[in-house]
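Presented sequentially are two complexes of chain A, the first with chain B as partner and the second with chain C.
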Partner chain A sequence: MTTLEVWKTFEPDNYYKTFLDSNKRPDGRRLLKFRPVVVKVGTVSTAEGSATVRFGHTTVVCGVKAEIATPTLNNPHQGFVVPNVELHPCCSPNFTSGLPGVQAMELSQFIQSVLTSAGVLDLADLCVVPSKYSWCLYCDVVCINYDGNVYDAALVAVMAALQDVKLPKLTYDEENDKATVALERTLPLNIKSRPISSTFTLYSDTVQLADPTAEDESQGSGVTTVVVREDGSLCYLHKPGGRAVPTTTLDSLVLLAAKRVKKINEVIAKAGQEVD
Partner chain B sequence: MEIISPEGLRQDGRTPTCLRIIKCRLGLYDRPNGSAYIEMGNTKVLAAVYGPREVRSKNKQNLDECVIQCEMSRIAACGGERVRRARDKRTRALSHQIAGVFHAAIRKSKYPGSQIDIYVQVLQEDGGVMSACVNASTLALIHAGVELLDYVTSCTASINKQTAILDATNMEGQAGCEVTVSLLPNKGSIVSLDSSHTVHRDQFEAVMDLATAGCQQVYQELFSQVEAYLQDKHAIMSHR
Partner chain C sequence: MGSRDSRRILGPEKSVAYSLLQPPCQRSFLNSTHTRTDGRSPADTRKHFLSVGLISEAKGSSYVEAGNTKVCCGVYGPRDVQRGSDFKMSCQVVCQVKMSPFSCPVRLPPASGDRDREMSRQLKNALESVIILDKFPKSEIDVYITVVEDGGGLLAACVTAAGLALAHANIDMYDIVVGASVLYHDKVMYVDPSRQEEEFEAKALRDPNNKNEEWGQLTVGMMPKYASGQVALMIQSGQMEANNLVEGLELATDLCTKLYNLVKKTLLEHVEIILKEEKEAIEGADT
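And then the complex of A and B:
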């Protein structure tokens, strides 16, 4: 063990604070700098659409599976989008096996809220035959390696996978009341907006850390997630308690998030083109 | 549809005794003690090993040897139909079996009172999932530096109209039986054997022989990969 590791083991708080005092983090980043993002599309060929996303060491895989379902009585003209996030003990020793933990459920809920509030898909597009057949898109996200900020990584993975989705054509024969699904997957989804989230850990009143690693998350005392659409409009803000944030700081965080949207969307678009 | 064409080739252009292309990598992540990724054709599996570490539940602790736990999970989009529950009965049974395989391979008495956890994640399945899981776990255990008696390699074989075929894909496996063999290649002893559907007694030997031969081929493949990894690592170390 080097002296640095010894120090980290015995005084983790002090060790961390010394880095922050010189405006750096233990991984060498500045406080408001994001990690490099790598997106690869079409990684799971058994899925209708899929993507693998890396934020530094954090790796998540999203696979979209499409199934035919019956629309509900209340909304006979709508299909379904069901996001689901899984955090296995494989990716970090903090998670236990068995039923999904609070964090995984919170993440699923977060993605669901973003997808609806940003209006990513028009659910009416997913309906093929009103009150009979509609598509149900299951967006399953699995974390493969956990190193903080799964919020952003999961959303980017879901967005990239949705843009990769190609559905088979469903034809309906009204006379015989029979539906047939084509073998080839040809129809892409009509994506209305492309929201991107940016997460910040709140360390103190003046210090915020962009794109936190697992270490940053454990040292910080609260998170704020800002979701901005590609046209610059703020569509979702998530701050589950923790340290209070002055409104001026919040404004600057939203500005930072807005700057990032275009860049990440370009990365996703580029990944999509590489496959084609 | 014909599994084997009149020319004697399979759908993907392999001969009956040919393995699919194996791609593997050791040491993907820092957090687990060992990790590995393997691709056998279209079957893709990731394995992570934690341990030897303290036993989580004290009543399981054994002061003579270590506890080995394996947990396998499949991502929802890995197969033809969406998997509703990541840990259904079948995956649980498989993970129990994988743990059993490594009971035979790990020098358990070297790690008294501790626990070794193997987590296997199936990203995509196309036949031979159990084999890919065993092979990935072996690599991850090697990367973690856990003492093993020998490598454990695994391979499947099937039969189609009197011809034994090696490393069957999902489609080929559905048409006939699927025999999965896990082997300690240097000792030549079989650790686990699993067959689905019926095989005729006269054909069983041919299928078994082919699967065993396949395990040896897998071993060559894994061994060269581990060697390359170690050389790479050693090169870095010697520069320091």
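And then the complex of A and C:
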């Protein structure tokens, strides 16, 4: 064990604070700097659309599986989008096997709220025959390596996978009341907006950490997630309790998030082109 | 399913795979030029890719890709046995294989299925004969596997991934275990089958008119260098004659030896990188 590791083991708070005092984090980043993002689409051939996303060491895979369902009586003209995030004990020792924990539930809910509030998909587009046949898109996100900030990584993975989706054409024969699905997958989804989230860990009143690692998350005392659409409009802001933030700080975080949207969307678009 | 899962976001009550509405297409085991559907000869293996160290918090981790099959494995421990479980002087191995919902052509429900549990059990039994259990008394080693995609030969890939991750975690073993799978169809042995080939066999099993054709699959997990080759796991399904089984085992042994060399190379490369980094760190500290 080196002296540094001993220090980290015995005085983790002091060790961490010393880094912050010189405006750096243990991984060498400045406080408001994001980690490099790598996006690869079409990584799972069994899914209708898929993407693997890395934020530094954090790795998540999203696969979209399309199935056919009957629209509900309430909304006979709408299809379904069902996002779920799985945090298996494989990706970090903090998770247990069995039913999803609080964090996984929170992440699933977050993805669903963003998809709805940003209006990513028009559910009516997913309905093929009203009251009879509609698509149900299961967007399952699996975390491979947990090193903090699965919020942003999961959303980027879902967005990249949705943009990769190709559905087969469904034709409906009204006379025989029979539907057939083509063998070739040709139809892409109509993506209405492309929201990107930016997560910050709140360490103290003056110190916020962008794109936190697992260590940053454990040292901080609250998170704020800002979701901005590609036109610069704010569509979702998530601040579940924790340390209070002054409104001026929040404003600056929103500005930072807005700057990042274009860049990440370019990365996703580039990943999509590489496959075609 | 009796009770509805309250911890996940639920879709519609019922949804079906769209492949049910697709026109049925006749598939044959071999393609028109009498080679395998992916162009391989019966003795050809798929392309393999192995790497270690992709899970930062795990004691050891590995990623194995064989054709389209993609699995990652994380090893945690040895650690204290969780309270409430039976006291044992030897080490306990906990194995959990988890298939991602999107890993198969038809979506799997996110909760653990029968196949997950079956594979976890088989893998646990195999690893118990690989790890030197007496070295870790009163402790527990957790081996978790996430299946990203099932492209055939899944159990074999899981065994290889577990062996590599255990080696990366510095856990004492008799030898590194590697897995291989062989398919028997129409009197020919096919090494390292893909999912299409496995599915074809599964269909043949269900077809009651297809009584004459012999077919079967053999999955072997072995330690090639321990006492001139020891088998830790051997699972055969379908029907084969006994001498075919012997032939299949020989083919699987050959593939295991090949994979073993690849595993060794991956670990050596990993060690070289660590040594290089350490050297650079020392040089950096000196200057």
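Some observations on this one:
Everything that follows uses one rule, which is that the second predicted complex is superposed on the first by the 276 of 276 C-alpha atoms of A that agree within 3 Å, B and C clash if a C-alpha of one lies under 4 Å from a C-alpha of the other, contacts with A are read in each partner's own complex, and residues count from 1 in each chain.
Operating definition for what follows: a contact is a pair of C-beta atoms (placed from the backbone, for glycine too) under 8 Å apart; a residue touches a chain by one contact, two chains touch by 3 or more.
Predicted model, so just to flag it, every value in this text is computed and none were measured.
In the three-chain model built by superposing on chain A, chain B clashes with chain C. Touch criterion not met for A:125: it reaches neither chain B nor chain C.
In the superposed model, A:217 makes contact with neither chain B nor chain C.
Using the contact criterion defined above for the overlaid structures, shared-chain residue A:70 touches chain C, although it does not reach chain B. Of the two partner chains, both chain B and chain C are touched by A:138.
Within the superposed three-chain model, A:181 lies in touch with chain C and out of touch with chain B [touch as defined at top]. Put simply, more of the residues of chain A are touched by C, taking chain B and chain C as the two choices. Once the two complexes are laid over each other on the shared chain, residue contacts for A:86 go to chain B and to chain C alike.
Overlap of the chain B and chain C contact sets on chain A: residues 43-47, 50, 57, 61, 63-65, 67, 84, 86, 88-93, 97, 138, 140, 142, 144-147.
On the chain A side of its complex with chain C, the touching residues are 43-47, 50, 57, 59, 61, 63-70, 72, 80, 82-84, 86, 88-94, 97, 99-100, 104-105, 108-109, 112, 136, 138, 140, 142, 144-147, 168, 170, 179-183, 214. In the complex of the two chains, the chain B residues touching chain A come out as 28-32, 42, 44, 46, 48, 50, 71, 73, 75-82, 86-87, 117, 119-121, 123-126.
For chain C in complex with chain A, the touching residues are 5, 7-12, 14-19, 21-23, 25, 54-58, 61, 68, 70, 72-74, 76, 96, 98, 100-105, 107, 110, 142, 144-146, 148-151. Taken in their complex, chain A has these residues touching chain B: 43-47, 50, 57, 61, 63-65, 67, 84, 86, 88-93, 97, 138, 140, 142, 144-147.
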